[in-house]
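The following blocks contain the structures, represented as C-alpha cells.
Here subunit A shows up in two complexes: once beside subunit B, once beside subunit C.
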Partner chain A sequence: MSTFKKIVGVFRKRERLTIAWQLSPAMLVMLLFILIPLGFIAIYSFGDMVGLRFIPEWGFHNYVRLFTELDGRYLQLLLKSLGMSALVTVGAIVIAYPVAYFISFRVEKYKYTWLILLMGPYLVSWVVLIMGWRLIIGYSGFLNYILMQVGLLSEPARGTWGNWGTVVFILVIGWAPWLVFPLFVSLEKIDKNVLEAAADLGANPIRRFLRITLPLSSPGLLVATFFILLPMFGEFVTPILAGGTGGIMYGVLIESAFLGWGSWAFGSAASVILMIISLAAATALLRFVSLERLMESL
Partner chain B sequence: MEEKDVELESVTKKFGDFVAVDDISFAVKKGEFFSLLGPSGCGKTTALRMIAGFEKPTTGKICIGGEVVNEVPPFERACNLFFQKVALFPHLNVYENIAFGLKMQKQPKPEIDKRVKELLDVTGLPGFEKRKVKELSGGEGQRVGIARALARRPRVLLLDEPLGPLDLKLREEMMIELKRIQKVVGTTFIYVTHDQGEAITMSDEIAVMLKGKLLQVGSPDELYNKPRTAFVAEFIGRSNVIQGKYHDGKFNVDNLGESIITGLHKVTDEDYAAACIKPQRISIGENLDNLDNIFDAEVKEVYFQGSQVNYKVLMGGDLKLSIYDHYRGKIFDMGQKVKIGWRREDVWVTDG
Partner chain C sequence: MLGNFRENSLKVYFYVFIAVTYLPLLVLILLSFNRARTPGFPLVGFTLEWWQRFFTSASAMNTVQNSFLIGSATAMISTALGLLAAFALVRHFFRGKNLANALVLLPLCLPPVVVAVGALVFLRTVLDLELSRLTIILGHTLLALPFTTLVLIARLIGFDRTLEEAAYDLGANEFTTFRKITLPIIMPGIFVALMMGFIISFEDVVVAYFLSGFDTTVPVLVFGLQRRATGLPMVTVISAFMVFIMVVFLIVSLLWARRAAK
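After this line comes the complex of A and B, so read on.
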C-alpha cells in the first residue's frame, strides 16, 4: 500500500511539474509586463532625485515626506480618496444591482439585447463622457440655463461642477452599467426553483431577497467591487477634468509627481502606498467569499 | 364522513388559449398517499402547482382543510412542495435548510433544534446537521428535501416527480423510503408522476389524467382491474386494448369473424367500446382447452426475459397482442403458428 502511494505521489509531482511548465510562458509574460515595472517603482521609491535626475541614495525619505510634509495633507488626501472610492463603489452597485435584477428576473426575451445596450456608454471615450456631463451640469451648462430660463435661479449655480460630489457622481454613473455584467451573471446562476422553495417555506418577497437572492449573488457583488473599488483608488482623469480643487484625488498626486514635478522617487513612494492598500483591500474582500466559490459562480 | 384535506371543484387552468387543466374535481382524504398520474403534458404538474399556490385556477375552487384557498399566497398555505429538482439552498448547510421554514415562523431555537433532529432521524440522516449541500449524494439530498418540506408540519406535502433524477436502484429504494416516511409522519401526500409503477407501489388512491382531463380516480387495484377507459387500461395495466363493438356479452371486431366472449359489462356507447386483456392472462400453445376464446395466431416477436417470455403475436382482424408467458422450458419461434386463448373473465370491456 505504501509503495503504491509513493508511486502515485511521484506521478502527482510529475503532474504538478508539467502543469507548472505549461503555465510558465504565461507566467513569464505576466512577470515581464506587470511585475517588473512594479518592481522598478518599488526600487525607485527608496531612491532620491536631484532636479530631474535620479540618484541612488537609498532610504525612507520619500515615505517620510509623504506622511509628514504639508501637515499630513497627503495623508488626508489619501484618506479622502479612499472614502470617495468607497462611495463610488457603493453608489454604482446600488444603481447596477436593480438593473441586473430586472434583466435577470423580469425580462423574459432579449435579455442579451438589454445587456448589449448597457455597453452603449463605452462606445465613446471616457473624456468625452465627462465633457458631456459638463455640458449638462457645468457652470454654463444646460441645467443652469433651463433653471434660469424658467426663473428658478437668478444666476448660474456653482455647486454642480468642480467639487468632490461631481467626481463621485460622474464615476458612479459611468461605472454602473459596467457593473451590471458581473451582477447579472451571478443572479442568472440562481436556480429559480430555490426561490420558489423559499416562498413555499413561508418566506415573503423581502425575506426571499435578503436570505436567498442577496447571499447567492455575493460572488457577483464581490467581482463588481473588485471591478470598481481597486481602479478607483488610482483614478485621476475624472478628478482632473471635473473635480476642480475640492475634488482632487490621490491618483492626481501620483500623476503630478511623475509628470508635473518630475519627481519619480516621490511618485513611486506614493504608488507603493497605493499598491499596499489595494492588496490589503483585495485580501480583505476575498475573506468574504472564498476564491473557490467565486470561480464556481462565474 | 372522512375528513378531506384537499378538494378540487371543477378546476380549470388556461394559459392563453391552451387549456392545461380541464374541469377536474377530486378529493384527497386525510393521511392518504394520493398520486396524480399521467404522461408528460397531461396537466398533473399544473394541478399540483395550483394546490401549492404558484398558479391560480382560471375557474373553479381549491380547498385545503375545508377552506377555499384560491386567493391565499403559497407562503401562507398549509401545504409544502417537494421540488422536482430538490432545490436545496446551496449556501446553507443541512440544518439551516431544514430549519428555514421554522425560522420564517420565528419559532424558538430549542424547538427548531428538536424538530430538525427529529426529522433527520425520520429520514434516516442522523448527525447530518453540519453537512454542506454540495457534499450530499442524490439520495441524501432528496431526504433533506423531504425533511425540509415536512419541517413546518404541513397538512399536505406535494411532491412533483421527486424520483425523476435518480437512477433505477436508488429510485426503488426511495419509493419504499417515501412510503415509510409518509406512514411515520401521517401527513397527506399528493404525488405527481408519469411512472405507473411508482404510483401503484406507493399510492392509496390514484387519479389518472390525460390532456388536462381527469379520466379516473381509484385505488391502484381498481385502476388495474377495472379501468374505465382504454387509456387507463393501457397505461396502468399495459393491457392489450382492442377497439370494437360490444353487445350482451359479445365483443365484435371487424374482420375477426368470431366474437370475443366476455362477461357482462357496462359501456357508454356500445358501438365504441374497448376490450382489455392483460398480457399475462393470455395462454399460448399448440393445444388449448377449456378457454372461452381460442384463436389462431402467428408469433411475430419473441423476447426472452428469464422467468418470462414476452411475445407479440398477430391474430385475425389484424390484431397485434402482447403475451407474457411463464417460461417452462419451451419458447415458440418467430413465424410459428400457434393457438392463443383466454377466459371470458379475463376480458374487461370499457369505453373506447
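After this line comes the complex of A and C, so read on.
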C-alpha cells in the first residue's frame, strides 16, 4: 500500500511540475502586466501632479475633481457614455440578429463561408472603417453627392457627421458583423423539431419566435453583450474621429488626461472608475455565461 | 402569401446588411484612385498618384513593416503562451484553476483603454522602459491571449486522448507522441489562434496608440492623420491598403475552412 502511495505521489509531483511550467508564462504575463498595473493605477489615482511630475501627496482630490469639477460634467459624461454603450449594444444586437437567424435557419450550404465573409468589415481596423464612413456620410461623402445629384439637396448637408448620432451609427454598424457569430452559434443549437412541434400545436410564427427561438438564443445574446459592452465603456477612437463636440465619450477623458494634458494621477482616477464599472458588469454577465459558451463563439 | 413576403424580406435584409457593411470598404478602394486633392465625391478621374506616394513614402512603409512585425510577434507569442496554458487548464485538475481561468479572461473583462493605461503607467514609471515596438507587442499579447487560449482550450477539449495512449503503448516517447500525434490534431486550432493573434494586433489602435514611441503601427498613423484632418488622401490610400490585406486574410480563411470541412 505504501509503495502504491509513493508511486501516486511521484506522479502527482510530476503533474504539478507540468502544470507549473505550462501555466506560469501566461499567468506571469497577466499578473505582471495587467493585475499589478491595475494596482498601480489605483495607487496613482490617490496621488497628485506638479506639472508633468507625479508627487506622492495622497488624498481623494482626483476623485473629488472627477465628481464635482465643471458642475459635475465629468459625471454627466460618464452617465452619457454608459447610455451610449447600452444603446450601441442593443442596436448592434438587433441588427445582427436577423442575419444570424437567416444563416442558421435559411441557409443550407456553406454556412461557415457566409459567416467568414460577413466578418470582413470587422477585421479591418476601426480607423479604416471610420475613414470609409467619413467618405460616405461625411461632408463631401457619397450620400451628400447622391442626394444632390437627385436634387433632394441643393448644398451638402452637415448634420450627418460630427455628432452623437454619427458615433452611435458607426459603432453599431461596425460591431454588428462580429456579433452575428455568437448569435449564430446559439441559434444553431436550437432543436428545429421543437419549433415544428409548436407549429403543429397552432403557434403562429411570431409566437414561436417570442416563446421559443428568442429565449433559447439567450446564451448568444449574453455572449454578444459581453463582447461589445465592455470595450464600448472605454471607447475613445470613434468619438474623437467622428463625434465632434456632441459625440464625446468618457474614454476621451481618459485619453486626453494621459496623452493630452498629461495628468496621469487624474487619468488614473478616471480609469479606476471605469475599471470598477467594467469589472462589475463583467462579473454580472459571467454569472450567466460559462467559459464553454465563450469558447464556442470564437 | 404573407409567409412568402416574410421569407423574402429576411433574405433582402441579409444581402442589404452585407452591402451596407462592405460599402465603406468599397468606397475607400474607389476613392484611393480618385484624382481629387481632398478625398470625396464626385469622382474626377483615375490616378495612381496616391498609391505611388504611399509606396514611396519611407515613413508609411516603415509603419507597414512595423505592423507586420508586431502582428507576427504577437501571433506567435500569444499562441505559444495560450497553447501551454490551454494544456494545463484542460488536462489537469488543480487548486486555483478557477482563478487561473479568471486571470486568462481578465483582459476581456476590461475596456482596452484600461489595459493600455495600466501597461503605460507600469512600463514607464515602475520599469522605466522606453516605449518601442516591444512595448506594443507586449500590449497586443495581453489583448490576444484570452482569445488564443480559449480557441486552443476548445480544440483540446475535443481531443481524443486514447490516441496519445496508443502511441505510448507502441513505444513512442513524449516528444515523438507530441510531434506525431498531438500537434497534427491540434494544428487547425493553432492556425486559428495565430490568425486571431495577428488580426487583433494588426487592427488595434487603442493599445498601440498608448504604448508606441517613435515606431508606430499603421492604425495609429491613420488615427493621427485623420484626427488632424491632414493628408486625407494618404489616409484613404493607406486604408484601402488595409482593406486589401483584410481581403487576403479572408481568402486564406475561406480556403482553410474549405479544407477543414473536407
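As a convention for this text, the second predicted complex is superposed on the first by the 251 of 298 C-alpha atoms of A that agree within 3 Å, B and C clash if a C-alpha of one lies under 4 Å from a C-alpha of the other, contacts with A are read in each partner's own complex, and residues count from 1 in each chain.
Just so we're on the same page, contacts are C-beta pairs under 8 Å (C-beta built on N, C-alpha and C of every residue); 3 or more make two chains touch, one makes a residue touch a chain.
Note that this is a predicted model, so its numbers are computed, not measured.
J.: Given the touch rule stated above, what does A:R207 touch, subunit B (first), subunit C (second), both, or neither?
T.: Only subunit B is touched by A:R207; subunit C is not.
J.: Of the two partners subunit B and subunit C, which one touches more residues belonging to subunit A?
T.: C
J.: Contact-wise, after the overlay, does A:F258 reach subunit B, subunit C, both or neither (first, second, both, neither)?
T.: After superposing on A, A:F258 lies in contact with subunit C but is clear of subunit B.
J.: Once chain A of both complexes is superposed, is A:P121 in touch with subunit B (first), subunit C (second), both, or neither?
T.: Touch partner of A:P121: subunit C, not subunit B.
J.: With both complexes overlaid on chain A, does A:V194 touch subunit B (first), subunit C (second), both or neither?
T.: Once the two structures are laid over each other on A, A:V194 reaches subunit B alone.
J.: Where does A:L279 make contact in the superposed view: on subunit B (first), on subunit C (second), on both, or on neither?
T.: second
J.: Identify the partner contact of A:S140: answer first if only subunit B is touched, second if only subunit C is, both if each is, neither if none is.
T.: It touches subunit C, and subunit B stays clear.
J.: Jot down the residues of subunit A that show up as touching in both complexes, subunit B in one and subunit C in the other.
T.: The answer is that subunit A has no such residue.
J.: Which residues of subunit A touch subunit B in their complex?
T.: 191, 193-194, 196-204, 207, 211-212, 215-216
J.: Any idea which subunit C residues touch subunit A in the complex?
T.: 3, 6-7, 10-11, 13-14, 17-18, 20-25, 27-28, 31, 38-42, 80-82, 84-85, 87-89, 92, 94, 100-101, 103-115, 117-122, 125-126, 138, 141-142, 145, 147, 149-151, 153-154, 157, 196, 199, 202-206, 209-210, 218-219, 222-223, 226-227, 235-236, 239, 242-243, 246-247, 249-250, 253-254, 257-258, 261
J.: Taking the touch rule as given, give the residues of subunit A at its contact with subunit C in the complex, in rising order.
T.: 15-16, 18-19, 21-23, 25-27, 29-31, 33-38, 40-41, 44, 54, 95, 98-99, 101-103, 106, 112-113, 116-121, 123-136, 138-142, 144-145, 173, 176-177, 205, 226, 230-237, 240-241, 251, 254-255, 258-259, 264, 267-268, 271, 274-275, 278-279, 282-283, 286, 291, 294-296, 298
J.: Give every residue of subunit B touching subunit A within the complex, in rising order.
T.: Where subunit B meets subunit A, its residues are 52, 54, 73-76, 80-81, 83-85, 87-91, 100-101, 104-105, 148-149, 151-152.
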